[in-house]
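After the structure tokens below, expect a handful of questions from me.
We just call them A, B, C and D in the order they show up, numbering each chain from 1.
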Amino acid sequence: MTLRVGVIGTGTIGRDHIRRLTTVLSGAAVVAVADIDRDGAAAAAPPGAETFDTAEALIRSDKVDAAVICSWGPAHEEQLLAAIAAGKPVFCEKPLTTSEAAALKVMEAETAFGRRLVQVGFMRRFDADYRRLKAVIDAGELGAPLMFHSVHRNASVPAGLYTSDMPLNDTLVHDADVSRWLLTDEIAGVEVRLPRRSRQGGELRDPHLVLLHMRSGAIVDVEISVNIAYGYDIRGEVSCERGVAALPNRPATVVSDLRGIRQAIPEDWRQRFVEAYDQEFREWIAAASAGTATGPSTWDGYAATLVADAALRAVSSGNLEPVAMIRKPELYDVPAAKAA
Amino acid sequence: MTLRVGVIGTGTIGRDHIRRLTTVLSGAAVVAVADIDRDGAAAAAPPGAETFDTAEALIRSDKVDAAVICSWGPAHEEQLLAAIAAGKPVFCEKPLTTSEAAALKVMEAETAFGRRLVQVGFMRRFDADYRRLKAVIDAGELGAPLMFHSVHRNASVPAGLYTSDMPLNDTLVHDADVSRWLLTDEIAGVEVRLPRRSRQGGELRDPHLVLLHMRSGAIVDVEISVNIAYGYDIRGEVSCERGVAALPNRPATVVSDLRGIRQAIPEDWRQRFVEAYDQEFREWIAAASAGTATGPSTWDGYAATLVADAALRAVSSGNLEPVAMIRKPELYDVPAAKAA
Amino acid sequence: MTLRVGVIGTGTIGRDHIRRLTTVLSGAAVVAVADIDRDGAAAAAPPGAETFDTAEALIRSDKVDAAVICSWGPAHEEQLLAAIAAGKPVFCEKPLTTSEAAALKVMEAETAFGRRLVQVGFMRRFDADYRRLKAVIDAGELGAPLMFHSVHRNASVPAGLYTSDMPLNDTLVHDADVSRWLLTDEIAGVEVRLPRRSRQGGELRDPHLVLLHMRSGAIVDVEISVNIAYGYDIRGEVSCERGVAALPNRPATVVSDLRGIRQAIPEDWRQRFVEAYDQEFREWIAAASAGTATGPSTWDGYAATLVADAALRAVSSGNLEPVAMIRKPELYDVPAAKAA
Amino acid sequence: MTLRVGVIGTGTIGRDHIRRLTTVLSGAAVVAVADIDRDGAAAAAPPGAETFDTAEALIRSDKVDAAVICSWGPAHEEQLLAAIAAGKPVFCEKPLTTSEAAALKVMEAETAFGRRLVQVGFMRRFDADYRRLKAVIDAGELGAPLMFHSVHRNASVPAGLYTSDMPLNDTLVHDADVSRWLLTDEIAGVEVRLPRRSRQGGELRDPHLVLLHMRSGAIVDVEISVNIAYGYDIRGEVSCERGVAALPNRPATVVSDLRGIRQAIPEDWRQRFVEAYDQEFREWIAAASAGTATGPSTWDGYAATLVADAALRAVSSGNLEPVAMIRKPELYDVPAAKAA
């Protein structure tokens, strides 16, 4: 009855997922760990778990029911294909793959297999605030969504390590995914505008204003600021025909003192989304235990890859860069009743 | 057409009302000033205004249509009686009088005159936030009001000058008046409890918890803190049978920075109630120009005096001290339609 | 490594805890169930769990490491004594016992045993909002707490089943416990005032205004309204010497539509405190796995019993009813560092 | 000492300004009225005021110290030139003029005269919320402003009368003016994007997403929705280098009932900006009494005209349309100290 999980990659996020599966959630146990750094793997493995030399060996092992991929992006394609070949459910941290071609290959393999096996790590879809926001929009009382203002602010990013492409490659994908999901829509094109540069990040290109043109005609405008100092602040407001719906302030003690009437702001994404990560894996365990996957799919990972590519092109061109998707395989059609 | 106003008393509040009547509001002009300190009166008088030696001379002057009393409390009784004798509308800063007997004497004179002439300076009734709160309660959708939590916090009071009786004598009267007005009720009894003493004010008795027992049975609990450092914070929440209604935060820029997401708090009563004072006098000018008075009445000033007396007795006795009012003269009956 | 739990009592709350221990949390398994209603026990037992005829048999079973008591209040004393006799950790839903004498007997047994075994079900202490509020107060920047305004509103209570003693017996205990914990203080006396009665509950005595006099001199004023229709609304604001700290609004989508700019309010205690219950049991599992108990103790359950008794006396007497506790056994001293 | 004002145009806004100057504010009297509809003028004139056949006659009259222009846009140019020729201060409702050429002509006349005489009716600059927001930005603690998200929502516009150019011609000018003023910057170019059309307005083009590219590089993104049903909702948030500052909710009673915890939203611009209009005229009276003008200038009216033109071009072209201003005459330089 307990799902036997193998974890591939034991960096920060991998170790955090091991902790989560071992000490927070019920229904799963980490029985295997793999990392190209064997010492890292051994250090991260919980008592009794086996350490594997390669991801492929872990995936093939009879002791492993399902895999969690936390390796670096370029390794995902091969590992995903191995999991699908083995018919085993797999959770894959973003990005699904680092190229459109690779994403298509994974999608082909999964559709050929005929059952969803892959869940991609877009944790915002499991956040209670975002879920309530989606429920309000889906209820339809406010009419159709016409605009979505999405704000993504990081207190800081590591100087030097974080390059100017990363706001679009790593950060925008969350806003893009959540836009597609909240509005039940696809992204048809991307524009990027570069506002006055913040001096907080030296020569880093920051902030960005991104416009996502949805197929329905709705427009999403995204503010991405990655060195805004004061905290990790995720905001979103959907303007509909007869009303608007927005994410609330995070719960925090309301203090009145000489600095005003005030509430603390999360410091980083861990603090902000810790419950979303828990819920993401709770649902993954349930689906994987049934031999399949729910939540963000290979299709969603593919869309994210295309949008990041279009956004990078849009920076150079200054134009509206189209996002050309293949026809959506039936496997990824979500019944309307489950969309909410 | 312009109301010719004489101002008695040119201390801080007197000078502020002269400024208000002269440069802010239309329909009135300050034509006369009186103060026991003649130099102060001369300095405060606007160009062209006459300076009087005594309040009585000012009140009797043919050039004066209406008076504003800003002298110290013990002088109010005589000045009010003079204004009523002259049949002239008069605005009187709180307290109406400093004893129950004096209040009754003024009330007798006014009822004998047969028309309201006196407006007492309870400015909260003119505050837009309080008026909206009253409108919600009066609308009745929430059912009858059962409890009212009233919070009165001062950043600080002058050490030495502000004595332990003043929270009940000077401060509580605002909460008491606004309770009677918001709930359309009278106060039947008062209890006072003394919480742990704040070290912010040395030996000053602070804070106070006051319970006002209303005739309807509703109970008002009042927190009075006069040295709370962080600002001037006036709060109020009415619990009704099917819902609650509360004063909002004051409008202030919502700043997100390292200190949190925050709004500034008013520093003092001037900043908090400046518009209420303007509105108070706007309505006084209108009524006085018609030869009468509206708003808080001699009856309300009388009630405030009784409540302050009962509160001081309650500190000593620890008991529920009754507030015994005379029967309300018809003159002070407010038509239900105007109650809101 | 997995804690083997036996659950006593399979009513609503018992079944909910079985669900929690079985499908939500890691580290525990429900291996035994007991109920005087054997069919109810059998229906509630998870697959593989044993059904016991009596609580005592369950507690003594070698298969059971720790017990969860969800029976009715009068049965708690005997079951707690059995668990302590067996040296097994036990979670006990409130009330600890239904009399002071019974509470003292349990406390004697536990102190004689020499190690804490009992955790009482005051789940608010595990709520993230309350914990953040306590952290702000304990940090001390606002100075000493002087007053605490605690608001406890239920949308409705079952007519007939919910009697006039229950606001004090069942509801107040939460505000009382959280007051002791937030302020790191004990309750020295209780007053009760009865405001105008709500017509929402017919003849039910509702609302209540309760004053808790703390040993430090701080005063807690509690509003208890149990038929307020609009939702389950738990509020709290602590007034300190140099500032105040309050519970925030619950996270909920901010909707702007014809009804205003608004956020939904929880409907009931399950919706409000579901995460607190999870966290309560997460910490219980950790402590019980180490053979002991943390969190709310027998001492806290004893205090709650005394306060409820005093509150009921205060309704009849109209007086300040003292709460006379025995000297606190060392076993229940919480190191300052762990108080937060 | 009282400013003798002549009002030109007695439509809705003209009558409202007559009321304001006559019964709300001190220091001014409406002594003359002109309208092409003589009956309308006579009906609107306060007692004692003279009625003029033409705007020019009113402006030239010795009895008139200063003029208020509330006629339709195409008439403004001639009336402004007449006021400048007469050396009389003039308040001009927006738009300053209906063409760039006309705006330049007025500016030439005023600069030739050598003293500011014209104040343009951008009332948002007098709104207390906007002023506090500007003060926070100007204080500089948050660093340079990089982005400004401005939201302009109308409950509804009159079907048929309100055409698709009006969101850019009539509505955008407020966001554009407030952007220039808040950021102490000029608009260099305009882009317009058309989101999915709202069905609330039939064939009306609504909503609009407008990007204002400021000279500093800062980007303003404006949401204009004119049929959003729920209310008149003006929002603004400025993202700076180290923090953000936003307009607060409007003060409104916080009601908790079955519809949630909620605050009412203003119904229309009158309700939202009534105090701003009062303050606008209060400051105009002060400046006009000194023979000059402060606040929004001919330069600001000229900028608004250029931005509206560029926005209309941008709808057709889909491109970034530049805003090419002449060099700013010294007359319109605002000393830095007064900028806040």
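We take it that a contact is a pair of C-beta atoms (placed from the backbone, for glycine too) under 8 Å apart; a residue touches a chain by one contact, two chains touch by 3 or more.
The structure displayed is predicted, hence computed values, not measured ones.
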{"item": "Far-end chain from subunit D, centres as C-alpha averages", "value": "C"}
{"item": "Duplicate of the A-D contact set - from B-D, B-C or A-B, the pair where over half of the pairs recur", "value": "B-C"}
{"item": "Euclidean distance of C-alpha centroids - subunit A vs subunit C, Å", "value": "38"}
{"item": "Subunit C-subunit D separation of Cα centroids, rounded to whole Å", "value": "58"}
{"item": "Distance between the centres, which are taken as Cα means, of subunit C and subunit B, whole angstrom", "value": "44"}
{"item": "Subunit C, residues touching no fewer than two other chains", "value": "229-230, 233, 242-244, 249, 252, 255-258, 263"}
{"item": "Touching residues (chain side subunit B, partner subunit A) in the complex", "value": "229-231, 233, 249, 252, 255-265"}
{"item": "Residues of subunit D defined as touching subunit A within the complex", "value": "143-147, 149, 153, 193-200, 207, 209, 211, 213-214, 216-219, 221, 223, 225, 228-230, 233, 239, 241-244"}
{"item": "Of all residues in subunit C, those that touch subunit A in their complex", "value": "22-27, 128-129, 132-133, 135-136, 141-142, 242-258, 263, 275"}
